[in-house]
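Shared chain: chain A. Partners: chain B in the first complex, chain C in the second.
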Partner chain A sequence: MRQGARVAGGMLGVAILLIGWQMLAQALYQGRLIAGPVGIVEWLGRDPGLALRALARTLGNAAAGFALGNLAAILLAGIAFLWPRLQDLVTGLALVAFCLPLIATGPILRVLMGPGEGPQIVLAALAVQYTTLIPLLTGLRAVPAAWLDLIHSYGRGRWVELAHIRARAALPYLFAGLQIGAPAAVLGAMVGEFTGAERGLGVLTIRYMRDLDVPALWGVALLAAGASLAAYWAIGGLARLVLDTRPPVLLAPPMRQLRTGRVVGGLTLALAVLLLWWGGLWLTGLNPFLAKGPWDVLAALVWAPDATQMRAALFGALRESAGLAVPGYLAGLAAGAGLAILLTLLPGAGPLVMPVAVALRAIPIVTTGPLIVLFLGRGALGTITLVAVMVFFPTLVACLHGLRQAPGHILDLLRVHAAGPLSQMIHVRIPAMLPALFAAARISVPTAILAVTVVEWLATGRGLGSLMALAASTSDFRMLWSAVALITLLAVLCHAVVAGLERRVLARYAPEQLRQ
Partner chain B sequence: MPDSIGSEAIICTGLAKTHPGGIEAVAPIDLRLMAGQTTALIGPSGCGKSTLLRLIAGLDQPDAGQVIILGMTPEKARRRAAISVAFQDPSLLPWLTVRGNLGLARRLARQRPDPVRTLRLIELVGLAGFADTRPAALSGGMRQRAAIARALVTQPQVLLLDEPFGAVDELTRRQLARDLPPLWQEAGTTTLLVTHSIAEAVTLSDRIIVLSSRPARIVADIDVPLPRPRPADLAEDAGFRAIAAKALAALSALT
Partner chain C sequence: MTAGMTRRGLVAGGMAGLAMGGLGLPRRAVANTPVGFQLSWLHSVQFAGSYIALDKGWWREAGLDVTLMQGGPNAPVEPPVVAGTALVGISAADYTASAVAQGAKFKIIGVAMQKNPFVIASLPDNPVKTPADLPGKRIGMAIANTPVLRALCSLNNVDFDAITIVPTQYSAQPLIAHEVDCLLCWETDLPVAMAVNGIESVTMLMADHGYSVHSQTYIATEDSLASRRKELVGLMSGEVRGWQDYRADTAAATDLTLRMFPDAGLDRKTQLLQAERQVPLMFSTLTDAHGFGWWDEESVSANIETLALLGYKVTPDLWDRSILDEIHAG
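Entry: the complex of A and B
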C-alpha cells in the first residue's frame, strides 16, 4: 500500500516536473539557457549512437572503478579489523586518498597511464573507497556484546564471530556505502574524462560547452544523472532483496579518538604517505620529468630559483578558490540543515520529501556544473551556488534522517508535558540531528573542493582549477604535483578541524556516538 | 540424573570479581552444585547475579578464585558445547528466524542440524506458529522464550539461565515451569537459574541460594525437598510456603 502510494506519488511528481520544466524553458529564456524536454529529445534523436556510446563508455569506466574502489575498501576494512593497531593508519590513508583533488590528479594520471581508460577508472575508484570503508568498519564493530557472548558461550572464537555475526551485521553498512558510491563512481569517471580522455560523457560535455549547445549539455547531464540514479536504485533494490530492509541512510559515523593520540597519529600518517609516495615512484621507476617525489615538490615550493613565483601562483589560486569554496560549503550545510528542520516542522512533509531528496543526492551535480554556470554566469555566484548545491543534498538527506532518529520515548515524554513541536525540535530533535550534520560536513570537504575546481577547470578560468588546466596543457608537472600535495594536505586538515569540532559538540549532545 | 548423583557439576572456589571502575560485584564465593540439580539464585537487583553467571560460564575472567565445570575449565567445557547460556537480554540475531537462531546455536556447538528437536522445543516454549518469524516481529516475552529454546537445543549438560522469564506472562510462565523441569531431569541437566521471583525459585529448583547486596555473598542456602513432578497448585502447599517464607526472610534481612 505504502509502496504503491510512493510509486504513484513519484510518477505524479515526474509528470509535474516535466511539464513545468518545458513551460519554464519556453517562458523564461526562449530555450537559450534552459532546454526543455522537447529540445533534449531532439538532441538525442540527432545522433543517438554518439550519446549512447559515450554513456556506455562512461558507465563502463565507472563500473570498473566502482568495483576496484570497493574491493580495496573491503580489503582495507578486513585489514583494519583484523589488526586494530593498523586501523588509524588504514583509515587515515584512505582519507588522504579520498581528499586527493581529482581535477589535479587526473592530468597526472593521464600522462602516467596514457590516453586509455586508466585515469577515469582510478579516479572513480578513489571517489568511492572511503565512503565504503568507514561504514563497513563501523558495521564490523557495532555489534552488541551479547551476540558475541553467545558465540563465546559455545566456545567459539574470532573467526566464527566474523563469519556468523560481524560479516552479516556489516552487510547493511556495506550496502549503504555501495549505494553512495554508485553516483560517486560516475562522477569520478566523468572528471577523468574532463581531464583529457577521448570518449565518454565528460568529453561530450566539454565539446558542447565550447559550442554552447544548451540542449546537448542538458541531455548529457540528464543521461549522467539518470544512469547514477538507476545504479543507486539498483543497489538499493539488491540490498532490500538481500537484507529484507533498506540499507541505512548513513554517511560516515563519527571518527573515533585516535588510539595513539593526535600528534603521534598525524605524524605516523604523514610518514606513511611520504613513504608510499616515494616508494611508489621508486618501484615503478617512472620518468622523473613526469613523476615528482616529495623532495621535488618541497624544492619547487621552497628553494628552487622560481619558488617565489610558484608559491605566488599556487597560493593566489588557492585563495581565489577558497574564497568560493568556503562560502559555498557553509551555505550548503546551512541550507541543508535548515530545510531539513523546516520540513520536519511541517507535518507530513518529511516522508514526502525524503525519497525525493535521497534520489537527488544520487545525481552527480558536478556534471550539471556547466549548466549552473550558464545560468549564473562565470562570476562568483555561479561557482558558490554549485558548491552549495553539491553540499546541500547529502546534508539534507543526513539531517532529515538524523531528525527522525530522535528517540521516540523522549518525544513522548515531552508530549506528555504538552511541549509544542518547536520545543520538541530544539530540545530533542536538533541534538539528535547533530551527528548526521557533522558526518555530512566531514564528507563534504572533498566534495566542495571538487566542485570548485571542476567549475574553474570547465568554465570560469580562475582559481586552482584553471591553474591546473594551464599546468596540464603546458606540461608543468612540478605545479601539478605541488598542487595535489598542497590541496590534499589542506583537505585533510580541514577534515580534521571539522572532526575535532564534531567530537566537542557530540561529547556534549550525543556522547553515546563517540563510544565504540 | 541417575548416574550423576553425588558428583559435583560446578565448583566455584574463592570466586571474586571487581568491575573496571572499582565496582566490587562478587565477593569471594564458594559454591558447589550437584550434577542434575536445579539451583535458583536470588538477590537484590544489581547485586552481581549476572556477573556471577558470566564468571561461571567463563565469559568474564575472575580476579580471584576459579571455576571447575564437569571437571574442566569453563573454556574447555564451552568448547565441548557442555554449556548453554540464556542471557538476560534475549540477544537473538535479527536476521535469522526463530528456527534459524536455534539452528545457528547447533552449528556453533558443532552439532548436526536436528529439525525435529528444534521444532519440538519451539512448540514447547509456545511459539508453534512462529518458527519462521524474525525476532523483530516477536514480543519481548516471545523473544525470551525463543532464547530459552535456543539454550536447550544444544542439549547442554550445564544450563545457565539469567532471568529467563522476566518478560513472560504469568500463564506461560506456569506452563514453562511445568514443562521445563521434566526435560532437565530426563537429560540430567545441571541448571543454574537467576530469578527475582521467590515463587518461581521454589517451584523450579532443588535448592535456593540467596545473595547479599553488592558485592554478592551467599547469605542463605535453602534446600527445596518438594517431590517432583510438582503440581500446578504447589503454592497452596504448606511445604512450599515454609520455604518461600525462609527465602523472603533471608532477602528481607538484607535491608
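Entry: the complex of A and C
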C-alpha cells in the first residue's frame, strides 16, 4: 500500500515537472531556445534510427575509453603503491595527461590517428584515468594501522598487504572514481567527435546548433545525459552489491611529515615530462610545422622577435580565464561538500537531488552552456556557474562516499550517548569525509580548467579557450603548444598547493592517509 | 628522413590497424592510389560537388581511391595536408596565408567560393543593409573574427569603435533572443536556419562591400605539386565536373548528399535552401568563361589588399593555376 502511494506520488511529481517544463519552453521565445518534452519526443519519433545509431556510436567510444582509462588507472595505482618511490612520478604524469587541454590534443590526435574512432576513444580515456587513480590511491591508504601491523608482525611485505587488505579497502573508492568517470567519458567522446568524426551525438549537436533545431538539440542532450545517468546508476548498484561490510574503525598514530624529496620529486617530474614530450614528437615523427618541442616553446616565449606579443596575448588570456575558473572552483567545492552533508543529514532527499546533480554534470556542457549564458548573462556569472557545476559533481560523489566511510563503531558509541545526527556529523562524519574532500579538490583543479576553456571556446569566445581554438585554426602552433605548456604547468602547480594544504589538514584528522 | 618515415609508418599503421580491427570495417581491395581529401566542415551540400564526383566514379576512373575526411569545429584543415594524411584540403585564403606565414609551403590550386560567404545578418525591424548601418549596433561574433570586422570597417570608412562586439557562440539564438542586433556569419548557414524556422532575416554580403577573400579554396603543398601532379589533376578534374553537375541540378545534389550521409542529421529543407544559396557565391561570369574553380589577376590583387588589412602579407605566388590549366588544356 505504502509502496503504491509512494509510486503514485512520484509519478505525480514527474507529471508536474514535465508540464512545467513544457510551459516554460513555450513561454520563452516561442520554443526557440528551450525544447519541451513534446518536441523532444516528436523528434525521437521522427527518426529513431538516426538517434539510436548516434547514441550507440558515442556510447561505444565512451565505453572503450572508459575501460582503457580505468584499466590504466588501476595499473598505475598498483605500480605507485608497490614502489612508493614512483608514486609522485606516476600521479604527476597522470595529472599532466589529464591536464592536457582537449582543444589542443584533439586535432593532434586526429592527425596522428587519421579518420576513425581513435581520438574519441583516447580523449574519453584521458578524461577518466585521473579521476579513478586519485580516489584509488586514497582508498589504498584508508586502512586501520592495526591490520597492517598484524601483517607486518607475520613478516609479510607490501604485496600481501596490497592483496589482502588494501585492495578490499580501496573498493569503495574505486567505485566512487568509476562513477565520476562515467559522465566524463561521454563528454570526452563527444568532444573528440568535434575533430572530424563521421557520426555520433557530438556531430549531431554541432549540426542541430547551426540548424536551430532546438528539439533535436535537446533530444541529443537528453540522450547523452540519460546514458550517463544509466551508467552512473549501474555502477552505484554494482557497488551496493559488492560492498557489504561496514567501514572499519580507522585509528592510526599521527605520522611526521616527510618533507625531504619534495623538490627532487618536482624536478624528476619536470624532467620526465620534457623527455616524454621530446621523445613523443621524435617517435611519432610529426611534421615540425605542427609539432613544437620544449625548445621551440621556450624560444617563442623568451627570445623570439615577437616573444613580447606572444607573452602579452598568452598572459592576458590567462588572467581572464583564471578570474573565472578560481571562483567557480571554490563555489563548486563548497556546494558539493555542503550538499553531501545535507544529504547525509536528510537521507530522504537523496533520490530527489541525486538525479538532478548527476544530470547537471551529464548533460553535455556544449548544450548547457548557451542556456546558462541565457539565464545568467554573457558576463562572468555564466562561466563561473558552469565551472562550479563541473566541479560540484565529483565533489558531491566523493564526499558522499567519504561520509559513508565514518567508522561504524564510533557512530554507535555516539548513539549510545544519545548524540544527535548533527553532532555525529560534526565529530565523526565530517572528519571522516576530509580525505575524500581533498581528493576531490585535487581532481577538480584540472576539471575547472577544462570547464573554463571549453565554455570560452564554445560559448563566450574569450580567454585561453578561445586563444587555443584560434591558434589551432590559424596554424599558430607555437602559440598552441605554449598555451598547452602553460596550462599544464599551472594546473600541476595549483594541484601542488592543494596537496600541501591537504597534508597539513590530514596530518591532524586522518593520519593514516600519510602513512608510507 | 627514411628513419622518420619508418617510425611514422609504424605508428600510423599500428593505429590504423587498431581502428580497423576495432570496427571490423570491410576494406575494399583496390589497386587505385589512396588519396585523402580534407573537407573544412561536417558533411553537407557545402561539398555536394565532391559527393557527385565520388558517386559517379570519376575519381576511380582517374585511378584514385579518394577518402573524404570530414571537418568539424576542432578539425583544422592545414595540419593533415602538411602531414600528408590528406593530399588536398579545403581552406580559405586567410587561413592559408596564416599557415604560410608559419612556415607551411601551401599553394591555392582552386577557388570554390569566388565571393566570400561572410555576411552581417540582422532582423528586418532593425536591419543592417550597408556598412554605414553598423555604428551603434551590437554585433554577435567570435572575438577571433575581430580582424574581419575591422577590415570591413576600414574598407568602407566606418567607425569601428562605434560598434559593440558581443562574443557569442556560432548560433542564431542570440539574434532571435535580441541579445544582439546582428551576427557575423555565413550566408549559407545561420540565415538559412532562420529561414527554415520561419524567421525572416536581412543579410549584407561582405564581398559586395569590398571584402575580397577567396573562400573554400583547394590547397596542396609545394611538394605535392612537384611530385603528385597526376593525382592532383585527377582529383581537381573530378571536382570541376562534380560542381558543374551540381549547378545543373542542386536538388539532385541535395538528395545525393542526404542519401550518402544518413547519419549526419541533415534536414532536407535546410540543405535545399543552402544548396541554392551557395550557387551565386561559387559561379560567376568568370567561371562561365573559364570553368569552375578559376580566378583572375584582378581578384588576386583584391585578395592581397584585403589580406593585408587582416594582417597577412602575401604575394600572387600563393596562387598556382597550373593544375586548373592542365585540366582545361586536356
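One rule holds in what follows: the second predicted complex is superposed on the first by the 331 of 516 C-alpha atoms of A that agree within 3 Å, B and C clash if a C-alpha of one lies under 4 Å from a C-alpha of the other, contacts with A are read in each partner's own complex, and residues count from 1 in each chain.
The working rule: a contact is a pair of C-beta atoms (placed from the backbone, for glycine too) under 8 Å apart; a residue touches a chain by one contact, two chains touch by 3 or more.
Please read all numbers here as calculations on a predicted model, not as lab measurements.
Peer 1: Quick check on the superposed pair: does A:I103 touch chain B, chain C, both, or neither? Answer first, second, both or neither.
Peer 2: second
Peer 1: Name the chain, either chain B or chain C, that contacts more residues of chain A.
Peer 2: When the residues of chain A touched by each partner are counted, C comes out ahead.
Peer 1: According to the stated criteria, A:P144 is in contact with first (chain B), second (chain C), both, or neither; which is it?
Peer 2: It touches chain B, and chain C stays clear.
Peer 1: Is A:F315 contacted by the first partner chain B, the second partner chain C, both or neither?
Peer 2: neither
Peer 1: After lining up the shared chain so the two structures overlap, which partner does A:W278 touch, if you call chain B first and chain C second: first, second, both or neither?
Peer 2: In the superposed model, A:W278 contacts neither chain B nor chain C.
Peer 1: Touch test for A:H152: chain B only (first), chain C only (second), both, or neither?
Peer 2: A:H152 sits against chain B, while chain C stays out of touch.
Peer 1: Looking at the overlay, does A:G461 come into contact with chain B only (first), chain C only (second), both, or neither?
Peer 2: Touch status of A:G461: second partner only.
Peer 1: When the two structures are overlaid on chain A, which partner does A:V160 contact: first (chain B), second (chain C), both, or neither?
Peer 2: Touch status of A:V160: first partner only.
Peer 1: What part of chain A is shared between its chain B contacts and its chain C contacts?
Peer 2: none
Peer 1: Touching residues of chain C toward chain A in the complex: what are they?
Peer 2: So the residues of chain C in touch with chain A come to 4-5, 7-8, 11-12, 15-16, 18-20, 22-23, 42-43, 67, 69-76, 78-80, 82-85, 95, 98-99, 102-104, 141-144, 166-173, 176-177, 179, 189-190, 193-194, 196-197, 262-267, 270.
Peer 1: Quick check on the complex: what are the chain A residues that touch chain C?
Peer 2: Residues of chain A touching chain C: 29, 32-33, 50, 53-54, 64, 102-103, 106-108, 110-118, 191, 193-199, 203-204, 206-213, 216, 282-287, 289-290, 369-370, 374, 378, 458-462, 466, 469-470, 472-478.
Peer 1: Once bound in the complex, which stretches of chain A touch chain B?
Peer 2: So the residues of chain A touching chain B come out as 144, 146-147, 149-156, 160, 164-165, 168, 243-244.
Peer 1: Report the residues of chain B in contact with chain A in the complex, numbered from low to high.
Peer 2: Against chain A, chain B makes touches at 54, 57, 59, 75-81, 83-85, 87, 89, 91, 93, 95, 104-105, 107-109, 134, 154.
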